Amino acid sequence: METAIPSLSFSSDYMEGAHPAILNALTETNFVRSPGYGLDPYCDSAKEKIRLACGAPDAEIFFLVGGTQTNALVIKSLLRPYEGVIAPETGHISVHEAGAIEMGGHKVLPVSHKLGKITAADIARVLDAYAQDGNREHMVKPGMVYISQPTEYGTLYSLAELTAITDVCRSSNIPLYVDGARMAYGLAAPANDVTLPDLARLADIFYIGGTKCGALFGEALVMNKRAQIPGFFSIIKQNGALLAKGRLLGLQFDTLFTDGLYFEVGRSAIAHAQRLQKALQAAGFRLFFESPTNQIFVILENETLAALSEEVEMGFWETYDATHTVMRIATSWATREEDVDALIALLPRFAPRG
Amino acid sequence: METAIPSLSFSSDYMEGAHPAILNALTETNFVRSPGYGLDPYCDSAKEKIRLACGAPDAEIFFLVGGTQTNALVIKSLLRPYEGVIAPETGHISVHEAGAIEMGGHKVLPVSHKLGKITAADIARVLDAYAQDGNREHMVKPGMVYISQPTEYGTLYSLAELTAITDVCRSSNIPLYVDGARMAYGLAAPANDVTLPDLARLADIFYIGGTKCGALFGEALVMNKRAQIPGFFSIIKQNGALLAKGRLLGLQFDTLFTDGLYFEVGRSAIAHAQRLQKALQAAGFRLFFESPTNQIFVILENETLAALSEEVEMGFWETYDATHTVMRIATSWATREEDVDALIALLPRFAPRG
Amino acid sequence: METAIPSLSFSSDYMEGAHPAILNALTETNFVRSPGYGLDPYCDSAKEKIRLACGAPDAEIFFLVGGTQTNALVIKSLLRPYEGVIAPETGHISVHEAGAIEMGGHKVLPVSHKLGKITAADIARVLDAYAQDGNREHMVKPGMVYISQPTEYGTLYSLAELTAITDVCRSSNIPLYVDGARMAYGLAAPANDVTLPDLARLADIFYIGGTKCGALFGEALVMNKRAQIPGFFSIIKQNGALLAKGRLLGLQFDTLFTDGLYFEVGRSAIAHAQRLQKALQAAGFRLFFESPTNQIFVILENETLAALSEEVEMGFWETYDATHTVMRIATSWATREEDVDALIALLPRFAPRG
Amino acid sequence: METAIPSLSFSSDYMEGAHPAILNALTETNFVRSPGYGLDPYCDSAKEKIRLACGAPDAEIFFLVGGTQTNALVIKSLLRPYEGVIAPETGHISVHEAGAIEMGGHKVLPVSHKLGKITAADIARVLDAYAQDGNREHMVKPGMVYISQPTEYGTLYSLAELTAITDVCRSSNIPLYVDGARMAYGLAAPANDVTLPDLARLADIFYIGGTKCGALFGEALVMNKRAQIPGFFSIIKQNGALLAKGRLLGLQFDTLFTDGLYFEVGRSAIAHAQRLQKALQAAGFRLFFESPTNQIFVILENETLAALSEEVEMGFWETYDATHTVMRIATSWATREEDVDALIALLPRFAPRG
């Protein structure tokens, strides 16, 4: 079978399989018999390691297969029927889940974003507007908040920003849920000041992404006491989200949380990304904004884009203006030093003329 | 980490990882970049091989992660809102999916079974009763039929039985859906006369089970022209059932359908099961019924059960009477000759006294 | 416009409009302006009278338009997603609501009935089976109980039977819901020993039927403290069940609960029904069973049925055997003495020959 | 019982009962027996008259109880699971139905409005954006269009505007649905050039509002051939929206469509409203905009508002600025000449000083 994508590719962070340590673990334990549905010792061990990493000995941990699945189950389980979820208008649930939240019965209440982020004040405004509306019982009640860390733009909430959001949520007694699909890349960012224990403390429920961070697939959902969902195991089953061989999820997260692999996965991708971003700037390329994580956004002249695309695969992000396009360059755990070198070597040929 | 289950275990067919050929394929292609969401060449190749094996060049193939997920998506996509699905009262959807079908909005219309099977006449009776009821517009309309091959009891529909069911469905213009979670074990059974091309011809939609038949996870859904579901890709996404790294499913089914591995997986499990079943009979044990596939059902005195359970793990099936229990002994692709030898060697010690 | 149905008709209890007192009330208050959505003084007054009649000063009362709507909203509001509702297999929700409960996401767990009734022991059996099943987390959990008083067969639970059911429910901590579509006819039955205060005490939630008991439409839902549903007003709105002119429901129930009209409606129908039942017996007709309420069930030879149907309209109930049919004769608040006389006068001509 | 609202009230158009002709019809036919569930001759007659008024002899007509119910049923019946409905951001379904559309599984795709209206170009933009998005299969597909005539602001689509919207919908093969909750007031507006036959031709499905236009309750849904919904009767039943005494809806619409009553109801309200609007302007009040229908919007200084509110009830619409509020003054079929006189007489006292 042929390779599907040109070898110099930075289009996304889920184009390869898994970190080799995970394939090793799967291979080594392949013939060990274990109970199904996540009741196996690998899951137990992984949960214990995640609780430790989060400084949250009482947290409940569930493993799920993918991000949209996790978002949909959490949101429909936490909301009352007539409640909706506040989210940035660019949030994954707002745009790219084919209406999963609405299929679960709930409105996404979109809030204007800045590079994927919303503020405590934005959230307070939505909550106040509802509280003061005389017709509010005929309206969707804002019942929880969804944000992503890092966001879909690769930006990060600071500890201060996140704390402010938590304060607003708690004063209105609604849960805060954080989508951590690319969590490893956030944790490893030099600019980041939000740790896993901070998330476990400030979010009522969040997930640590595996699919985009070194696993074949899988997300680890961490719930604190305020977000307990009675019967969540049955809800997972009922939604077709229960893996018969739950061991697969346990093994992967046990591996990722052994000897700091999850953090290492992030660090290597971030090092590559930051080196690339600096090289782009040095070569005179214009950034859409300076990204702190593994997704770099560059504004290319459409002519340059056409030429460069023959050499390297990038991801389309958005149209900038009539003659420019924003492209995304993503690194991952699988990015190799030599690929970064190759891309940097290409830059002078395509750089804008000063 | 300790082994979770005693090494002599016949409790189920999804206690281990995957057939080694699958792990090899994953490892070998781990760093090949490929598009996400099943748009990769592994999926394409697997689909082509399955179409070939089914003699169905026009079939649409979709890969999904698990059986409950597949059942739920198919059923809610094919039914009109006020329709229900006819199923054996022992069908997986009737009993063991935590209400997934109802969560999708539809009633399961249960039909009395014989060892997991229902007949064309049973189905016709339900359809006729609806058609003749003066209040039928206030009732749930039977809108499709669900059966399993092999059934949850390991029994098989014969080609004649399946053809009769298809005839009833087509004359009422409702689709027939076959759950093939353990398909490999059906195809390899000496008593079986229903091939994949038969299924592709007689069922409007069916799935070829991977999770219990050698894969880490995954089911391959095969739809003929009568069962096309517009926008099924988006439906999969919306239901959180779209794997970002769809390649994982493609690779596994590509491997299973290369050089007849899927059939080999079945044959080996069946050979072990049939040898065990004969040994049980020879030793004087009473069978619940003579099983044609990889699940053997033996009636044990409760005292014998307690003693035997210390040596070998079996699955509880049902209470037979006050002093007897029906236990299930399942083999799989992972069952080893030496395990079967060990269990057979134990039998004389526990056999009923003539 | 022509009359739609022969004037001698006993086919059902919702063939006419409303008790004249209700039309009077609507006419008299037609131009009084009042707030929408049930926030009007008629609703307040009606609620107060119902609380008084139920001896339940703390009960919450909601008015809804119809029975299926009420059942569907109550059941989906009280159950967790993976829970189902225990109901007689002949219950209205089991058979004649076109799958409304399943559309709401929940399985109806049917229990064999005796003339529409189930017992505390039946319910306990379902609860125990679930509690003891090792796979219960993969199954639908019985989360509430639905019964009707009177039942769809017109039979009645005695106070002792109802108390036993309540005891089982409370010991399993699940709510008991009673569908009172024909409540007036139950309350007025000589054999009845269950009062509204008994229902308010023993059921966690029940409704007092208006549609079949003298109103144009409408049902009054009575909830005690154990069954509170947060945000039920918004749930009603969201389900399209909120009447803009809620006053219509308030006015009707205010009228029905003024000067005992609701009880009078029942008494007159029951008097007619019991007189008819006795006349049928006296004339030698065979009853399906001796009914205590306003629905009488007679077994007719098919030939007799054909002849009698030209003179009087009855309701088909079920096929009895190859040559006999069970027919339902229903009286209501609108039944006139002269109609009963006329039917009784017909009987000798059609009576079976001794 | 006391009057609930000051007699000088223009707060909304559903504060009273029904047009006296409707109460007469209910009273006169109260004891005529007729079949349940809308299978009665009153419904048949009303449907025939509506088909005639719409010049649509093949239209299917269904009667439903309320507007939110109608919107929710139509939208969930016409959309595929992953589709959403394009609507003005101020549409009733976007704001004031407590999430009914989302509960039905679908996203409302909001479009910026001008006084409640959107344009063909707006709709085309949404459709094009979807069609051109490379990730569209991961997104909600725009599957139908919802508008109101008159809008929630009382504004009207012209025939040209509506025709342009229809053209866009048909060229994308998606249905156009028109919410006509206040249709009578639109039809009677001097500025209106859209007739019922126009609507029947240009909308695939629309409803003629009864609740706000003279009926006690009820909406008449008109579907052309392109919008047929198989099994809609059962869908209505399943959603708890089937009235047992369907005759009530038939009788009301039969009355409204006899001798042009529906149009007369509109004309009288519009005459009052237009007279009021002119008087407000003449007295120097500032209008929010010049309204063509029965809802007048005036910008009041908050001080004036406080004083005027002691004399007349109006509806809060929105905050205009720190010191002004937009108030709605609504007339209806029940508005009396003398009330309009009384309000006009008050104006000089409260008018802004030039």
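To keep things simple, chains are lettered A, B, C and D as they appear, and every chain counts its residues starting from 1.
Throughout what follows, a contact is a pair of C-beta atoms (placed from the backbone, for glycine too) under 8 Å apart; a residue touches a chain by one contact, two chains touch by 3 or more.
Nothing here was measured: the structure is a model prediction, and the numbers come from that model.
Chemist: Quick one: which of A-C, A-D or C-D reuses the B-C interface, over half of the residue-numbered contact pairs in common?
Modeler: Of the listed pairs A-C, A-D or C-D, the one copying the B-C interface is A-D.
Chemist: Which chain maximises the distance between its CA centroid and that of chain A?
Modeler: In terms of C-alpha centroids, the chain at the greatest distance from chain A is C.
Chemist: Per the centroid of Cα atoms for each chain, what is the distance between chain A and chain D, given in Å?
Modeler: So the centre of chain A lies 43 Å away from the centre of chain D.
Chemist: Report the inter-centroid distance (CA atoms only) between chain B and chain D in whole Å.
Modeler: 52
Chemist: If you average the CA atoms of chain A and of chain B, how far apart do the two points sit, in angstrom?
Modeler: 34
Chemist: Can you tell me which residues of chain A touch two or more of the remaining chains?
Modeler: 81-83, 97-99, 103, 137-138, 234-235, 237-238, in rising order.
Chemist: Quick one: which bits of chain C touch chain A in the complex? Just the residue numbers, please.
Modeler: 76-77, 80-83, 137-138, 141, 230-231, 233-235, 237-238
Chemist: Could you list, by residue number, the parts of chain C that touch chain B in their complex?
Modeler: Where chain C meets chain B, its residues are 81-84, 95-99, 101-103, 105-108, 134-135, 137-140, 316.
Chemist: Tell me, which parts of chain D touch chain C in their complex?
Modeler: Of all residues in chain D, those touching chain C are 1-5, 7, 9, 12, 14-18, 20, 23, 26-27, 29-36, 40-42, 45, 65-73, 97-100, 103, 211-212, 216-217, 234-235, 237-245, 247-248, 334.
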